[in-house]
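The same subunit A turns up in both complexes below, where it pairs with subunit B and then with subunit C.
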Partner chain A sequence: MATIRFKNVQHAYPPPKGQEPVYALKEVNQIWEDGGAYALLGPSGCGKTTLLNTISGLLTPSEGEVYFDDQDVTNLPTSERRIAQVFQFPVVYDTMTVFDNLAFPLRNRGMEETAVKQRVDQIAEMLDLTANLNKRASGLTADGKQKISLGRGLVRSDVNAILFDEPLTVIDPHLKWQLRSKLKELHQQTGITMIYVTHDQVEALTFANKVVVMYDGAVVQVGTPVELFNRPNHKFVGYFIGSPGMNFLPCRIDGGQPVFHNIPLNTAYPVGSDLSGNIEVGIRPEFVEFADDGIPVIIEKIEDLGRYQVITVKHESEVIKMVVDEGHLIPTESPKIQFNPNQTRIYCDDWVVGGSSNE
Partner chain B sequence: MNKTLNQKAWWLVAPVLLLVAFNAFIPLMTVVNYAFQETFGNNVFFWEGTTWFEQVLRSERFHDAFQRQLMFTGMILAIEVPLGIGVALTMPRKGPWVSVCLVLMALPLLIPWNVVGAMWNIFALPDIGLLGYTLNSMGIDYNFTRQPVAAWLTTVLMDVWHWTSLIVLLCYAGLSSIPDDYYQAANIDGASRWAIFRYIQLPKMKRVLTIAILLRFMDSFMIYTEPFVLTGGGPGNTTTFLSIDLVKIALGQFDLGPAAAMSLVYFLVVLLICWVFYTLMMRNEEQ
Partner chain C sequence: MIHPRKWLVPALYILFLMLPIYGLLAMSFKTTGEILGGFSFFPQQFTLANYKVIFTDPTWYNGYINSIIYVVINTVISVSVALPAAYAFSRYRFLGDKHLFFWLLTNRMAPPAVFALPFFQLYSAIGLFDTHIAVALAHCLFNIPLTVWILEGFMSGIPKELDETAYLDGYSFSRFFIRIFIPTIAAGIGVAMFFCFMYSWVELLLAKTLTSVDAKPIAATMTRTASSSGYELGLLAAAGSLTIIPGAVVIYFVRNYIAKGFALGRV
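Up next is the complex of A and B:
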C-alpha cells in the first residue's frame, strides 16, 4: 500500500521521422491517495492509458518521476512495482484452469503451494468463481474472463494499486452494472487503491469517489462528481460531464458583471474587469429556467426524455440548452429565460475564473 | 408451407464435381483397378485379389524404404519445428526490418523443387561445390555421392533449408495475432520468459503449428523431386524414400500391380497418420 505521486511526468511516443514529438502526457503532477477509488475520465486519445501504463511501469515516461510513497520507481520494471492491471480485453491463459490462472502471479513469485491454494480459494470466493475453479479458463464467458483478470490482481496481497483500463468495454450491459458494483464492493473490502480508466462518464461517476478528468494529455480537473458538475475548471469538463453538456456563451465584462448581448447577468461573486482573452459565461442546462424577465429567446426544439425535457432555445444566433422537469409549463408567447446566479460561471480562455476553488 | 423442390442447383456444382472426378477420383480408381488385377497390356485384366498387397506388405524392400521414410520425416520435423519456432520468436514484431525478414524467409519457398535439388547437388559436390570443397579442404572427408551418412546429412540439410521458412512464416503469423495486452498482463503477473512462451505464445501458436506440422509431415513423407535430383536415391538405396522407390517399381520395372498396391498402402498411411495427429491436437480444443 502506498501513495502514488507524479512529479512533472511527461511522455512523448517516438515521432515519425522528421517530425516533432507529440506529447501524449503534458506535465502531470498528481497524487493518488492510498485506498482511493479514482476514475480517470477523458475522450479517446487524451492520454489516459499512457498515464495508467506509466503507473504500472509498462511505460517509462520521457520526463519526470513517479514515486510510491518516498521511493522513486520511475525506472523500476513492472514486475517489481507491485501493481496489478486489468485490460480492456480480458487476458486469460487459455491452457490453464481458472485455479491455475489465479495462482499464476503467486507461483511466478515463488509462493509456497499451500499458501497459494488458500489465497486463491479466498479470492475465488470473493469473485464468485469457486464453482469454476477446475474448469478451463478459455471456456468462460467474457465477464467470467474479466473476473479472472481482476482476480489475478487481487490474489497478490502486496499490490499498491489495481489499475483498470476500460475493463467493461466487452461486457454485456446488464453484467456491466453487476461487475461495477462488485468492483466497488471489493474496493470497500480490500481498501486497495483502484484507478479506473473510462470514457464513459456514468461509469466514472458511479465508481469513483474522486474523478480525474483528462483532456489532451493534461489533467484538467480532479474532484468529486458533485464538484465536477457544479464547477467545471475547464470548458472541456463542462462539455464532457453532464448530459447535455454545459452551455458556453460569449460575453464581455462590464462593471464586474458579465454582459451577454447587452444583457447583464448576475453571478454569485464579482468578476474582475481586468480579464483579457476570450471570455465566456458557462451555465448548466439544469440551471436555466423560464422567467418573466430575462433573455428573450425563441424555442427551437423540445425533446421529451420522460422525467425531464431538454429544450433548445435560441437568442439571436446563440443556442442555449435547458433542462426542465416533466410537466413544467412552457411559455408560448415571447419566452424569456434566466440563469441561476449561483451556478453562473465565467471562463477566460477556456479556464474558469473566480469563485471558490476546490483544489 | 410447401417446399419447392428445385434440383437445378446441381448444375452449379457440376463443374467442381467434374474437376474432382477427373483430377482425383478417376485416377485413384484406376490405381485401385491395377492394385487388384494383373494385366499384360491390351486392356486385358486378370483378377488377383489381394496378392499384390500381400507381396508389398511382406517385401523387405518396402519395409526398408518405409523405415528410411519415417526416419527422414522424423529428423526434418525434429529440426524444422523447433528451429522454425525459434526463428519466428526472434523476428522483429515492428519496424522496417519486418518486411525484410519476411521476404528473406519467403525466398527459399519460391524456388522450384528440382532447382533446389540441382542447387544443392552443385553446392555439395566434393570437387567443385562450395560446401563440398570447403569441407574437404578443411580435412573432412565428405562425398555425398559415396557416403550414406553424407548423403543423408545433405538431404536433411537441404530440406531444412527449403522448408523451415514455412514453419517460421506460419508461427510468425500466429505470434503476430497475440494482442499486446497478453504480454503486458504477463509482465504484471511476473511471468518469466519461459512462462510467457509456455502459457501465451505456444498456446496461441497451436493451431498454425498444427497446420504447419501437418503440411511438413505430408510433404516430407511424399518427398520425391529434391532427393531424386540430389542423390537419385543413392548411394545404393540409402536415400531411396517411398516415392522414389514407388517410381522405380512403377516406371523402372513396370510392375504396375505391386506399384498400385504400394500406392494405396502409402496413401492410407499418410491419411492415417494425419488423422491421428490432427485428432490428438484438436482433442483439447473441443472441451
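Up next is the complex of A and C:
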C-alpha cells in the first residue's frame, strides 16, 4: 500500500531512424492516492498504456521520477515493485493448470501452500472458476482465460496497486457488467489502489471515484465524474465525456462576456477582455433550451432516444446540439435558443478560462 | 458425389515415391552376385548377411555412431545458441537488427563446398581435424541461422505480455525464460531440432572433408563402392536402408508441429 507519485515523468519511444522522438507521455505530474479507484480515460494512442507501464516498471521513463510513498522506484525492476497488472488480452501460462496459474504469484513470494489454496479458492469462487481449477489453462475460452488473468492480478493482497489495461475487452457484455461490479466490490473490501484504463466513458464513470482524462500524452483533467461533466478543463474532456459531447462555438469577448455572431451571451464566469488566442464558448447540450429570445436557429434533425431527444440545430454554418426532455414542445416557427449562464464556459486555445476549479 | 477412383492419383504418387525405397530395401536382402546378375523384383536368395556385416564390422557401425554423435552435438549447440538470439530478435529493437537478421540467412546462400577448404585448413591448424566437434561446428554455420529463423517465428507468436506478466508475478528474467518461456515454445524447439538433425544427418561434403578415420560419418563410409573383396552393393543397400531410420523416427515425434512451422513461413 502506497501513494504513487509521478514527478515530471516523460517518455519517448525510440523514434524511427532520422526522425525526432515523439513523446508518448508529456510531463506528467500526478499523485495516485492510496486506496483510490481511478479510471484512466482517453482515446487509443494517448499514452494510457505507457503510463501504466511506467507505474509497473515495465517501462523506465526517459525523464522524471516515480515514487511509491517516499521511495524513488524509477529504476526498480518490475518484480520488486509489488504491482499487479492485467492486460487487454488474456495472458495465461499454457503449461499450467488454472489452479497453478492463480497460485503462481503467491508461490513466487514464498506463501505457505495451505494459505495459497485458501486464497486461490476464494478468488476462483469470486470469478466463477471453481469448476475449472484442475483443468489446463490452455483449453479455456478467451473469456475464461481473461478471468484467469484477472484472478492472477487480484490474488495477491500485498500489492501497492492493481492496474487494469482495458481488461474486459474480450468479455461478453453481460459478464462485463458483473465483473466490473465485482471489481468495485473488491476495491471496497480491500482498499487497494486500482487504476483502470479504458476508452469507454461509461465504464470509467461507473467504476471510478476519480477519473483521469488523458489526451495526446498529457493528463488534461482529474476529477470526479460530476466535475468532469460540469467543468471540462479542456475541450477534449468536453467532447469525450457526455453524449452527445459539448458544443463549442467561436466567439469574441466584450466586457468579459462572450459574443457569438454579434449576439451577446451570458456566462456566470466572466473573463478579462485582454484574452487573446482562439476563443470559443462551450455549452453542454443538456443546458441549451428553446426560448422566446436568443440565437435564431434552424432545426436540422430530431433524434428520439426514448426519455429524451437530441435536436441538431444550426445558426448560419454553426451546428449546435441540444438535449430536450421527451414531450417538451418544439417550436415550429422561427425557433430561438438560449444557454444556461451557469453552464456556459469560455475556452481559450482549448483550455477553459474563468471560474475556479473547485466550485 | 464421391468419385470411385478418387484414391488412384495419390496411390500412384505414393507408389512412385516408394519405388526407389523399395528397390533399396529389396537390394539390401540380396547378395551382391544377384544384384549384378540382373533385375529381380523380389530377392531370390533372401539373406541377412549384409546387415550382419554392418552390425559386426566396426568400420561400418562406427560410421553410424560418429554421425549420431556429431549430429547431436550440432543440434544441442545450434538450439542453445539460437534460443537467446531468437529471443533478442523477436523482443528487442536494436541498431541493425533487421539487417543482421537477414544477414543470417545469407549464410545459407553459399554452397557448403565454398567453406570446405577454409574449414579444413583452420581445423588442421588448431588440431580439430577428424573430431566430432569439428563437423558439429561446421554444420552450425548453416544450422544456427535456420534455427534462429524458425524460433523467432514461434517466439513472435507469443505476446510480450507473457514476459511482462511473469515479471509482475515476481519472476526474474532467467527464471521466466527457463521455467515459462521455453516450455511455451516447446513445439518450435522441436521443429528447429528436427531441421538441425536433418541437415546435419544428410550433409556429406563438409563431414567427409573434415574427417578421416576417427569421426568418419556413415555417409562417407558409404561412398566406397568397392573394397578388397570386390563390389559390395548389397552391403551398401543395407547401410542405406539403415540411414533412413533415424530420420523417420525423428519426424514421427515432430509430425504435428512441422505444419505449424511451415505455416509460419520460416522452414
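List of remarks:
The rule we apply is simple: the second predicted complex is superposed on the first by the 355 of 359 C-alpha atoms of A that agree within 3 Å, B and C clash if a C-alpha of one lies under 4 Å from a C-alpha of the other, contacts with A are read in each partner's own complex, and residues count from 1 in each chain.
Definition applied: contacts are C-beta pairs under 8 Å (C-beta built on N, C-alpha and C of every residue); 3 or more make two chains touch, one makes a residue touch a chain.
Predicted model, so just to flag it, every value in this text is computed and none were measured.
When both complexes are overlaid on subunit A, subunit B and subunit C end up clashing with each other. Judged by the touch definition given at the top, the superposed model places A:G306 against neither subunit B nor subunit C. In the superposition on chain A, A:T95 contacts both subunit B and subunit C.
When the shared chain is aligned, no partner comes close enough to touch A:G18: not subunit B, not subunit C. In the overlay built on the shared chain, the residue A:R136 is in contact with subunit B alone; subunit C does not reach it. In the superposition on chain A, contact of A:T78 is made with both subunit B and subunit C. Of the two partner chains, both subunit B and subunit C are touched by A:P105. Judged by the document's definition of touching, subunit A residues 56, 58, 77-79, 83-85, 87, 89, 91, 93-95, 104-105, 108-109, 149, 152 lie at the interface with subunit B and also at the interface with subunit C. Residues of subunit A that touch subunit B in their complex: 53, 56, 58, 77-79, 83-85, 87-89, 91, 93-96, 104-105, 108-109, 136, 139, 149, 152-153. Contact residues on subunit C toward subunit A in their complex (touch as defined above): 93, 159, 161-162, 164-165, 167-172, 180, 183-184. Listing the residues of subunit A that touch subunit C in their complex gives 14, 56-58, 77-79, 83-85, 87, 89, 91, 93-95, 104-105, 108-109, 149, 152.
Within the complex formed with subunit A, the subunit B residues making contact are 179, 181-182, 184-185, 187-192, 195, 199-200, 203-204, 287.
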